[in-house]
Structure formats: C-alpha cells, structure tokens
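Two complexes, one shared chain (chain A), two partners (chain B, chain C).
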Partner chain A sequence: MNGRHDTEVKVTETQPPSQDVGAQDDIELRLGASLVHLPIIRSVAANIAMRADFDLDAISDLRLAVDEACSTLITRAVPGTTMVCRFTIDDNELRFRGAVTSADDEAPSTASFGWRVLTTLADSANAWVEPAVHDGQGNWVHVELAKRKPELT
Partner chain B sequence: MSIPGPSAREPNGTHAAVVSVRTERRGDVLVLAVAGEIDMATAPRLDDAIAGATRARPRVLVVDLSEVVFLSAAGMSALMRAADDTTAYAGSFRVVASTPLTQRVLELMGLDDELEVHRDLEAACREPNS
Partner chain C sequence: MPEQSSHVTTEHDHTPAQGREYEDVAALLTELARLDDQDPRHPALREEIVTRCLPLAEHIARRFSGRGEARDDLVQVARVGLLNAIDRFDPARGTGFVGYAVPTIMGEVRRHFRDTGWAVRVPRRLKELHLTLSQTSGRLSQTLGRAPTPSELAAELDLAPEDVWEGLLAGNAYQSVSMDAAQHDESTLPLSETVGEEDSALEHVDYHESLRPLLAQLPERERRVVLLRFFGNMTQTQIAERIGVSQMHVSRLLSHTLEHLRVRLSE
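So, the complex of A and B:
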C-alpha cells in the first residue's frame, strides 16, 4: 500500500476525527486499537456519565453501548494502529464518537447482534466510513452514539 | 475444576478484562459459575468453558452469572450458542441472573424470553427437566 513495506507498525497519530478541539469540556482518548483496552474505555465512559448526573441504569447502558461501539471498531482496525474516542457533553446528551483506520470499505454491519445491543441502549447511533485522505492507507471507520440526559423531575 | 482468569498483559503493562469460570457438578446438573467481565476479549473463555461442558452432555447445564459485573453482546451470544448446543442433544440450558445488571441487559435484549432465566442458582438446579 502506497509503496510502504514497514513490517513493524507504529502507533499512528495521523488525522483523527477531532478537527474541533474547541470545546473545553470534551474528553478525548487515544489508545491502541486492541480489545485489552476495553475495560479502560468502559470505566472512563461510566465515570463521565456519573459526573454528568446520569442515573445508574443510564450509566450502565452507556458503558455497554460504548463497549459495543469500541469492540466493533477494534475488530475492524488495522493491527497496531490507534483508536480515537471522544466524549462530548452538553445540556441534553452525552455523545461518544470513535474512529479507527481500517482496510474495510464498508461501514460496520447494522445487522449484527452487537449493533442491536448498541442501538437498544443508546438513544441514537450511526456508523460510517470515509477514505483516509492523508496517507491513502485504507479508511477511517466511525461509530457515533448519544445518550440523552435523564429528565429532571 | 477451575479455569483461572487470564492475567493477559500487553507489552505496555495494560491488563485485559478478567473472567473466570468455575465448574461444579450437582448430580446430573452441571453448573458453570462465571465471575468477572465478559466482553469481546474474554467471551472466548466462556465459549471454551461451555464447549467443554456440553461435550459431557449434562442433562441440565446452568451458567451462573451471579458474579458477572459486565455482560456484552459477545457474552450474550455465547449464552445463545450454549442454549442451541444443549438443545441439540435434548439437554436443558439455564441461566442464573441474580443481579440487577444481568437481569436488566437480558430483559432489554429480550433474552429472558429466548433463554430459561432464573433469579437464583437453587431454583435453576431444582427445576424439573422441561
């Protein structure tokens, strides 16, 4: 690919989907696209939801939805590359966006059981793919989901 | 028999999720007591334990999730495969979901309808063969 024959893949720090570094409250995680990191991502997701006043069920839902999103991404990632995760909180919802570089040309299947779990637990979810324009190596695969803040009654 | 949890260590020292499966035989009931986090990294361990258990063709196979603190789609898929494998030899498959966490996710995904889910281990072992 692109005339490169590196055998040792270095952790990439290319062009993640974080063009917008403006929001001071956003939280971004960059970690190896490996399933061993799932517990860290889950605990960060749960912690952010807890501090955003989500109730216990919503925290648990978000933890699982984010886990499924990241599992989906990691299994499609080019080995040895980095996954980028971003958490955004506003008055209404907590939004998660994750992306990896992938050899896949298609967005993750929305017919899988994992995707069904994700969409059951999140209020909205979306997956898409875009060409990695900078180095021409494969694509960026994205998964985005949002969980509404509980109504204050 | 006890299958110890992995101490999977990446070169950078990061620990993967840990799950352990303890096997206990109660007459013709085989119980797999699972503890820990079942995510995509650890679900193969549950799959292996279930495959080993179904090879012995127990009349009743029980997967006890009482000490499971996280259950993902990969873990639920393992449970559904276990139900299929057990049904294939006319055995009975039961799940123990005694915690709000496991009960909630199984209900949300409709698995409480597809699987025989019990609230405690005693009930799961006592139930006559259906």
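So, the complex of A and C:
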C-alpha cells in the first residue's frame, strides 16, 4: 500500500497562507500535514528566533507554540494534504501563520487546553476558517501567532 | 586502598568515612520512624534530616559531573534520590543509613542518565558547548532577572554568535525522559505544593474533566512545570529557579509533557 498509487491527488497548494509577498526575510515551508514533520517545523522556528536574538525563554516558547499550532492544524487536515507555514520577522515581532485544508467548518476552539497553551506561549494568536475556493469542498483552517521581542533591560 | 581509589568508581570507596560522618542521622531516623505521619513534628524532623544529608547528595552529584549534564540538574536528581532514601529507610533492618542511601541516590542519578541524555551521537565539543551555555545562561539570568539572548551569551563567553547558535541547536538532539517510563516510576515526588489557584483556572478549559486526571497522572515535577507555566503565569526561567533545574531542562520537560498531553487528550 503505497500512497503514490492513489490516483486522486489532492492539490492543496493553490493558496499560500499569506498573499503579501515580497519580504526578503520571510520563510515559507510546505510539507505533508503529518505529525512526523513537527520536528522540522519547530527547529526552523527556534532557528529563526535564535538568529533574531530573542531571549532563551522566548525562543523556547515560540518553539512550543509553533509545535502546538501545527499539531492543531495537522489533526484537522484532510489526510494526505499539505500544510503551508510562513514565518515573518520584523524588528520587534516574529509571526507564524499555518494553514491546512480541512473538512471542519469551524475554527479550533479557543476554550481548549491547546489554545490556552498557545495564548500563554505567544503574545497573540488567532484561528479562522475560510472556504477553499479551488475544489469547492472543505475549508482552509488557519492559525496565526505572534511573539514579540521583549524590551530588554 | 591508596592505589585502588584512583579508578574505583563504585559506591563503596567513600562509604566508611561518610558512614562515620553521618552517624548521628541513624538516631534521627529511628525517631522519625517512631513518629506518626500526622504528627506535626514529623515534617520538621524529616526536613532536618534532609538538610543534614544534603552534602551527601551533592557529593554524589559531583562525582557524575563532567558527563554532559548540567550540575544543577544532577544535584536536583540526587536530592530526589536522597528523599527516597529517607522515606524508604527502615532503621529496624539494622543496616546503616549511608550504606542504604548512597546506592539509592546513585540509582536515581543513573536513571537520569539513562532516561535523559543525548539521543544521537553528538560530538563532545558540542555537548560541552551546550552545557557551558546552559550554565552561563543560569548565571546571567540571576544578574539580568530574565533569560539572556544568544548575543548576550556570546559576549559573556567571548564566542561568535554562530557558535552559540550551534550550541543551542545541539540541545535539540538531547533526549528527554520518556513519559511512559516516568509514569511507571514509583519514585515520583510526593505532592509538595498545592496548586489550588491553578486548579481553579482549569474550570474554564474545555474538557477539563478529561484534562484533570491526565495532569494528576503526570510525575510531580512535570505537573508542576505545566501548571506553573500555563496556569501560574511564570516564565521558564522563573520556574527553573523555583524548582532548581536549568531553563533548558524546563523547556525539555514542557516540550515532552505537552506532546504527551496532546496525544492523550486526542484519544
């Protein structure tokens, strides 16, 4: 049973999570919506935060927050589809946005333990759903979070 | 003995001297065994014995230093072993306390090495760099009152930022204790701190009726770290200071505990 024999290929990369292209420092990852890829995403998150000289608490928090956000997305993704992640960094903030196609038509609950974890680790977090226009079925589920660089004293 | 002691690393080489050094502990333990658990003098006496024997735990922790583990973490683990030894020691059996405590503490430290440690082969240079970063970070946190940044670590250690980044990332190859192994470990600490405030915050979380037993099943230290971070609003550095381990260790504990909870909550 090899997934590649599956003739019904689901194309999910028709819409990146962010349309504002152009920032030279943005980093985008496209990978299978599978938990096995979590270590790659979180190490990219930690790497970016480290090079942006966030403090060690913030680096670890961001790593955990991205882990949580991606786990939330992956468990909602249509099996066999792709997750798109984008990291945006400016002088005082690192933003992460991830999206998957999903059969769910509701955003992840903001009363869950996972959401509590996310909002504690990040300075802000949002989740929303939009219809996937290309195949007319299913939705994009988005999670966005931001970690501010603390004012260091 | 003189020519042997240089390579002997078992628990026996220091025992005779330590046995004499801790001779008074036996009488205290006998008294402790006589007191009822509910007796108000019980915790005070236990505390006294713990304080009295702390150097024993530190001595053992020191013997395991230089193997790529942060000293603070080793001391903490050795103290857990000491508490176990005090709680399980039976004066009626006639063996000396030190003879019982030393292997118990060493067992705890060895288990720590077995459960944590480097998951993949990491060059010695990187392990040592990671350890240096962890220790320097602890020291800088004390003076700064917050976690340091990579550039502050680089300045303090006179290293290039690239070296600091490399050392920090090496920590990702560091394996944390498997949750299942920890759960079946009978030696988890007794409830030492009430978390009532955090507990009431749980009420506002969905599925708190399924979360609560999962939290209750966690080993004491993992549970405290999760509650303090997510319901007690403390930073990792503050938690590290509170429970006496490094911030990097708190980070690892949070990482594997959250993963464990996610898996269990989705079942």
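Some points to look at:
Please note the rule applied: the second predicted complex is superposed on the first by the 140 of 153 C-alpha atoms of A that agree within 3 Å, B and C clash if a C-alpha of one lies under 4 Å from a C-alpha of the other, contacts with A are read in each partner's own complex, and residues count from 1 in each chain.
Keep in mind that, in the parts below, a contact is a pair of C-beta atoms (placed from the backbone, for glycine too) under 8 Å apart; a residue touches a chain by one contact, two chains touch by 3 or more.
Everything numeric here is computed off the predicted structure, so don't read it as measured data.
When the two complexes are overlaid on their common chain A, residue A:A46 makes contact with chain C while staying clear of chain B. Contacts of A:P150 after superposition on the shared chain: chain C is touched, whereas chain B is not.
Within the superposed three-chain model, A:F54 lies in touch with chain C and out of touch with chain B [touch as defined at top].
Of the two partner chains, chain C is the only one touched by A:A111; chain B is not. In the overlay built on the shared chain, the residue A:S34 is in contact with chain B alone; chain C does not reach it.
In the superposition on chain A, A:A103 makes contact with neither chain B nor chain C.
When the two complexes are superposed on chain A, the residues of chain A that touch both chain B and chain C are 39, 57, 60, 63-64, 67-68, 71, 75, 112-114, 116-117, 120. Residue ranges of chain C in contact with chain A, taken from their complex: 137, 144-151, 165, 168-169, 172, 204-208, 211, 229-230, 233, 235-237, 247-248, 251, 254-255, 258-259, 261-262, 265-266.
Taken in their complex, chain B has these residues touching chain A: 8, 10, 12, 14-17, 37, 39-41, 70-74, 76-77, 101, 104-105, 108-109. Taken together, the chain A residues at the contact with chain B in this complex read 32, 34-40, 42, 57, 60, 63-64, 67-68, 71, 74-75, 112-114, 116-118, 120-121. Residue ranges on chain A touching chain C, taken from their complex, read 39, 43, 46-47, 50-51, 53-61, 63-64, 67-68, 71, 75, 109, 111-114, 116-117, 120, 150, 152-153.
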